[in-house]
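Remarks on the structure that follows.
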Amino acid sequence: MITVHIQYFAILREQRGLAHETLATHAATAAALYEELRDRYGFTLPRDRVRAAVNEEFVAWEAPLRDGQKVVFIPPVAGG
Amino acid sequence: MITVHIQYFAILREQRGLAHETLATHAATAAALYEELRDRYGFTLPRDRVRAAVNEEFVAWEAPLRDGQKVVFIPPVAGG
Amino acid sequence: MFRISTEPLDSAVLQRSLADAHAGACVTFEGWVRDHNEGQPVVALDYEAYAPLAQKEGLRILAEARERFAIRGAVCVHRVGALKIGELAVWVGVTAAHRGAAFDACRYLIDEAKARVPIWKKEHYGDGATVWINCATRGDFAHQLKT
Amino acid sequence: MFRISTEPLDSAVLQRSLADAHAGACVTFEGWVRDHNEGQPVVALDYEAYAPLAQKEGLRILAEARERFAIRGAVCVHRVGALKIGELAVWVGVTAAHRGAAFDACRYLIDEAKARVPIWKKEHYGDGATVWINCATRGDFAHQLKT
């Protein structure tokens, strides 16, 4: 069990109903954590349309999660 | 013999030493007029690097010249 | 320079920051809030950014542009918050000795920024509906067709 | 709008003239007087235009851009007279719903204007020499090599 700090943006923030939370999880990877949250909160975006960032850098979905990390899931971007 | 009004710009104005003149000529075309002026004033630009304009429109070199027309020879342009 | 701004952007000030006696060309791109999108009337926009990562990704894109094109200066600033129609959402400016590099780099910067920088846009429509752009899923489309 | 201006150009004023709630993109090109050209230090420039024909040819180029690209507004203004380093010589601005058309049209306008509009540029160099750009002939080059 690890504890991670999650920050939500845009459609994920709205679907979660808050902007950040600290969470205890058994998820070993960013991918597993996203699927866990998706089940729990009903996120509409499938994982293949989202990217993961850990400690302010993009990471591969299968990168291992570690205790205390800051995790952000990036919905499809739309700047400009 | 026709009379034409010639306006000079840029390098042609400098090589002619004035900005405009009214001239009587036997030249039947813009091409013939340019060659006449080139001989007389020593313009360095060969005709294939110049364009001709009559009455504020580009014309073909072989277009006939008429009495009273405004003629301008256009050296290579360099705006921007 | 890359920046996320919560304040309105002033293009004159941004462009002056690129003044450079060695530069012969300056190309700018401005993204304005448009009053329609895909046929729908838009009344306002919200932009939101994940600022620390946006900043890093923005600087990476600027560095790529400097490697690819013979440019001198390059600036990209993106506004976040609630924007009204006609407001400036993003400003990109590039200087170069010659215009080709300035055009190509400016285009590269805005294309990459739109594709990669974590910024999101929510459109507000005349009928009160809102949509996070690019975030529609098959289910959303089905819903939209029904309403 | 195409214009030859004997007065300094104000890009902020020109860009405001393109304000348009239907436009999502504005691309501008500015030509600045650069302090060098092909390795030579440049200290000043003179621009000269055959104004009536420049005006007609400028409007033709704008009309062509409107036919080729899905743009909304387009403006090109060229300064004439004695210009100093860093001054704005030409301003082109294009608005469109989408950025691709704005970039393509802006590039088209400046490329065509430089190639076709009867405007001439004389460079003044640090050593007092002057050259009408693009007007060198074989004899001039030989002369330049000797000096």
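Odds and ends about this structure:
Per-chain residue numbering starts at 1, and chain names A, B, C and D are given in the order in which the chains are listed.
Simple rule for what comes next: a contact is a pair of C-beta atoms (placed from the backbone, for glycine too) under 8 Å apart; a residue touches a chain by one contact, two chains touch by 3 or more.
These numbers were taken from a predicted model, which means no experiment stands behind them.
Look at the CA centroids: the one farthest from the centroid of subunit D belongs to A. Look at where the CA atoms of subunit C average out and do the same for subunit D: the two points lie 26 Å apart. Inter-chain spacing, taken between the CA centroids of subunit A and subunit C, is 25 Å.
Separation between the centroids of subunit A and subunit D, computed from CA atoms only, is 50 Å.
Each of residues 31, 99, 110 in subunit C touches at least two other chains. Each of the following residues of subunit B touches two or more other chains: 80.
Chain pairs that touch one another, listed by label: A-C, B-D, C-D.
Of all residues in subunit D, only 11-12, 15, 19-36, 85-86, 95, 97, 99, 102-103, 106-107, 110 touch subunit C in the complex they form.
Subunit C makes touch with subunit A in their complex at residues 31, 47-50, 52-53, 56-57, 78, 89-90, 110, 113-122, 132-135, 137, 139-140. Of all residues in subunit B, those touching subunit D in their complex are 7, 9-11, 14, 44-46, 49, 53, 56-58, 72, 74-80.
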